[in-house]
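Working notes, beginning with the structure itself.
Per-chain numbering from 1; labels A, B, C and D assigned in written order.
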Amino acid sequence: MTGDAKAAIAARAARELRPGEVVNLGVGIPNLIPAFLPADAGVFLHSENGVLGVGPRPTEDELDPDLIDAAKRPVTVLPGAAYFDSAASFAMIRGGHVDVAVLGALQVSAAGDIANWAVPGKDVLGVGGAMDLVVGARRVIVTMVATSSGGEKKVVPECTYPLTARGAADVIVTELCVFRLRDGELRLTELLDGATVDDVAAVTTAPFSLDLDTEEVR
Amino acid sequence: SAVGGNRTVPGAMTASRLVSAAEAVARVHSGDTVMVGGFGLVGAPLTLIDALVDESDATDLTIVSNNIGEPGRGLGRLLRQGRIRRGISSYFTSNPEAVAAVNAGELEATLVPQGTFAEAIRAAGAGIAGFFTPVGAGTLLAEGKEERVIGGVAHVLEEPIRADVALVYAARADELGNLWYRRTAQNFNPAMATAARVTVAEAGELVPLGGLEPESIHTPHLYVDHLVRSA
Amino acid sequence: MTGDAKAAIAARAARELRPGEVVNLGVGIPNLIPAFLPADAGVFLHSENGVLGVGPRPTEDELDPDLIDAAKRPVTVLPGAAYFDSAASFAMIRGGHVDVAVLGALQVSAAGDIANWAVPGKDVLGVGGAMDLVVGARRVIVTMVATSSGGEKKVVPECTYPLTARGAADVIVTELCVFRLRDGELRLTELLDGATVDDVAAVTTAPFSLDLDTEEVR
Amino acid sequence: SAVGGNRTVPGAMTASRLVSAAEAVARVHSGDTVMVGGFGLVGAPLTLIDALVDESDATDLTIVSNNIGEPGRGLGRLLRQGRIRRGISSYFTSNPEAVAAVNAGELEATLVPQGTFAEAIRAAGAGIAGFFTPVGAGTLLAEGKEERVIGGVAHVLEEPIRADVALVYAARADELGNLWYRRTAQNFNPAMATAARVTVAEAGELVPLGGLEPESIHTPHLYVDHLVRSA
C-alpha cells in the first residue's frame, strides 16, 4: 500500500470530524489527519498522555522534552490547551467525553468488534490506551488499508485476532470505501477513488449491505 | 463505541458557548436530575440557581447537591416553590425547611456520606459503573446496597451518581470554557462538571484565551457545554 | 458541662497530636484544639471541604467568602496550603492519608464502634463527612463529655444509636480520663483532673480494663 | 480507624524531608513493589532510578510503571541488572529488552489497559477496594477477573494497584513537599504519589514555601514522604 493511499484514507477520515469535537488520534494513518483538516476545522486534539489542545509539530526552537503526545513525538499546544494527569485523561476517555477516536486495526468484524493490539502467536505485551479508547470514545473511526501486507482481508465475519473490544467500531474508512455500523449491521455507504462494490467485496469477507443512497453529504 | 458513558451535547463553537442564564437553564426539563455545585452557598452557581427559580418552569426535579441551600437562599428558593421531588445530599440538615419538607412527605431524601457522594459523582464522570468502599458498611446508609468482605473488611458497592444537567460555578473561565476555581469555592464543582449530559458553568470572570495557565486549569473545556456570566 | 471542661478535653486531645501530622478537626470540642497547640506543634490542619493548611480565624480585613472550613466558618490558610476539590479531599481521607480525625460522638462502644450522626427517632438527614473520616483516618480520637446533657452515659457496651462505623475509635478523651482501644479492648490509660477510677466507672457502662501503668508520657 | 488505607510513614518535619537520592532509595527493600512515574522517559524520576540502580541492592522487585524504560535507560538499567521479577505495565513493548526478558522467562509481565492502570493506581490512593469498568471485558486481559453485566454491558471488576514505594518526578516542589508538574511530564506521577506506603518525589526545582499557587498544587504535601533534588 502506498503512502498516497494512506493519505487518501486520512483525508477521508478528516471529513468525519465536526467543528468543536474532541478527537483522539492513534498512531499511523490517524496521525496523518491533521494535515487534511482545514484551518477552521475547530477540532480539539486530545492525547491520552495528558493534554487537550495539541497543535502542530514544533520547530527546532519550540522543542520541549516535557511536551509529547501519546506516540512520544514532540508536539506543541494551541492557546486554551490544558494539561492533566493520566487518571484524569483516561477519565475523559472512559467517561465518554472524547467525541471521536480514530485508530488503526488488524481486523474489524461485521458486528464492529475491533482487534488492534495483538497478533496470535506473538507477544501480547503492549496494549496502551487502545481498549480504553475504543470503549470510551463516543464515535470510533477505524482507518486501515483493506488488506494486510500479507494479503489478509481485514473486514471479517468474526475477529480471529485477540479482541480490543466488542461492537466498538462506528465507521471504517479504507482506501476503497466507507463502511458504517448502523442498527448492528455493516453497511457500505460510500465508494472512494473510483472503487466499485465488486472491488470492495473482493477484499471483504464480512457480510455487508449497500446503503449508498442514504449517505449524507457532509 | 460499544458503551455510552455520559453523553453531553457535542461541544459547540466558541462563540456560541456563552449564553444567558435563562438560555442555559432552558436545558433543564421537568423530571430531570440536576447537579448543583457548592458547599453550602460557597461555590454555588447563584446566578444559575436564581434563573432556574425565576425563568424556568421545570419541576419534579431531583437535585444532587451537598446541601439543599438555605431557607430562601440558593436551592432553598427552588424548594419553597415545591419543584424539588427528591434530594441526593450528604447534609439536608443545614436547611431546616428541607428537613420540614422531608417530614411532610413533600421531599424524598437520599442521604449519602459526603465522600461517597463526591466519589460517586466522579465515578459517573469517569465511566466507573460501581465501586467498593468500606465507608457506610454496616450502617443505616448501607441498607439495600450490596455488601462484600474484601481483605477482611466489610465494604459496600456504590453506584455512580449521574445527572441530566450540572450547574457549576468557577471564579474564572476562558472563552472555550476552561475553568479555574478559587480557594474553597472549588468543592463539588469539578466532579459535577464531568457527571452530567449537559454542563453549564457560571463564571465570575471571563478571561481571554490563554489567560489560564494550562497546568492550572481545573476543568478542561471538553466538560463544559454552556458558559454564563455571574450576574 | 461547663466550657472549662470542654476546654480541658480539647487541651488533653491536643497533646495526642504529633509534629508533621495531618489532622482533621470536627465541630464542637475538636474545634477548640488549635488554641491549645503550641506554636511549634507542626500540625497540618485538613478541612474536608478542600483545604490543607488551615490557619487562624481571619481578621475583619482577611475575611474572604471563598475561604471557609467544613464547619462553614471563615478561616485563613498558612504558607504552603493547598486547595483541592471534594473528590480529591475525600480521597485523602478515605485513602488513609489523613493521620488523625478528632471528632465528637453520641456513643462509643467497648469495641470502638462510634455513633455520632443520628439519634433514634429523630431525622437522619445529615451525615456529612463523619463516616468517611472515622473509617479513613489512621487514628480516630473521640472527644466528648462522659454523659449527655440528659444524663445518658456515652461509653457503652454496644451502641444503641445508629452507627457511624464499627471498630473505628482509637482514643476517647473525656473530662475524666483517656481511654485507648488496644488489642480490641477498651483500656483506661489516664485519669484527668483528679478523677478516680470510681468516678470513671460511675459514668461508663462499657467494660474496661486498667492500663494506667503503661501510659506513655508524650 | 477501622480500616487501613495506605499507611505511609507519618510526615516528617520540614527540614528532614529533603534527603539524598541514596537515602531515599534505601526505603526500597528486596521483594518490594515499586511504582515509577513517567510516560516513557518523560516525567520519569531519572535521578531516583539511577540511585536505585547504583546505590541500592534491593532485588526481586515488582515494578509498576507504564513502560519498563528503554534499553539501558531509566528502568531499562534496572532490568539489565536482573533485579525486576515482575512488571505491571500497559506497554512493555517500548523496551525490546523487556520483551526479550519476558520471553526468556526472566520477567513476569502483567499487562493492564492504560486507563485501567491509571484508575487502579488512583483507586489504591483513594481507598477504593475495587471498581467495575467495561474496558477489557471479553478480552484476553479480563481473564481470571470477575465479570458482571451492568446496564446491559459487560464489565470487569478491577482491583487497586498499590505499592510499597512510589518514585515520582515533579518540575517543582516547595519545602513541605507540595508538588507541581510541568506539561505532559505529569502523566502517572500524581496518582502514583497517592498509592504507596512511602512516596519519594524527585524535584527539578525547589521553591520557597508559598512559591506554588495554592490552587495549582497538583500533589499536596501529605502524599510526600521524602524529597530529592534532580541531579
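By our rule, contacts are C-beta pairs under 8 Å (C-beta built on N, C-alpha and C of every residue); 3 or more make two chains touch, one makes a residue touch a chain.
Fair warning: this is a prediction, and the values are worked out from it, not measured in the lab.
**Student:** If we look at chain B and chain D, which chains touch each of them?
**Tutor:** Chains in contact with chain B as well as chain D: A, C.
**Student:** With chain centres defined as mean CA positions, report which chain is farthest from chain C.
**Tutor:** Result for max centroid distance from chain C is chain A.
**Student:** For the pairs B-C and C-D, output the one whose chains share more C-beta pairs in contact.
**Tutor:** Pair with the higher count of C-beta contacts: B-C.
**Student:** Quick one: report the Å distance separating chain A from chain D, using the average Cα coordinate of each chain.
**Tutor:** Here the centre of chain D sits 30 Å away from the centre of chain A.
**Student:** How far is the middle of chain C from the middle of chain D, if each middle is the mean of its Cα atoms, in Å?
**Tutor:** Computed from C-alpha means, the inter-chain centre distance equals 33 Å.
**Student:** What whole-Å value do you get for the distance between chain A and chain C if each is reduced to the mean of its CA atoms?
**Tutor:** Comparing mean C-alpha positions, chain C is 54 Å from chain A.
**Student:** Give me the residue numbers in chain A that touch at least two other chains, ranges are fine.
**Tutor:** In chain A, the residues touching two or more other chains are 83-84, 90-91, 93-94, 135-136, 165-166.
**Student:** If you look at chain B, which of its residues touch at least two other chains?
**Tutor:** Where chain B meets two or more other chains at a single residue, that happens at 2-3, 119, 122, 126-128, 133-135, 181-183, 186, 214-215, 218.
**Student:** What chain-chain pairs meet the touch criterion?
**Tutor:** Inter-chain contacts occur between A-B, A-D, B-C, B-D, C-D.
**Student:** Touching chain A in the complex: which residues of chain B?
**Tutor:** 1-8, 10-14, 122, 124-128, 174-176, 178, 194, 209-210, 214-215, 217, 220-223
**Student:** Considering the complex alone, what residue numbers of chain A touch chain B?
**Tutor:** On the chain A side, the touching residues are 18-22, 42, 44, 46, 52-53, 77, 79-84, 90-99, 101, 112, 134-140, 165-168, 170.
**Student:** Using the touch definition up top, name the residues of chain A that touch chain D in the complex.
**Tutor:** 47-51, 64-70, 72, 83-87, 89-91, 93-94, 118, 123-132, 135-136, 162-166
**Student:** Can you check the complex and tell me which residues of chain B touch chain D?
**Tutor:** Per the touch definition, chain B meets chain D at residues 2-3, 119, 123, 126-135, 150-151, 153, 155, 180-183, 186, 213-216, 218.
**Student:** Which bits of chain B are touching chain C when the two form their complex?
**Tutor:** Listed in rising order, the residues are 39-40, 42-43, 66, 90-94, 98-99, 102-103, 109, 111-116, 118-119, 121-122, 133-141, 154, 171, 181-191, 218.
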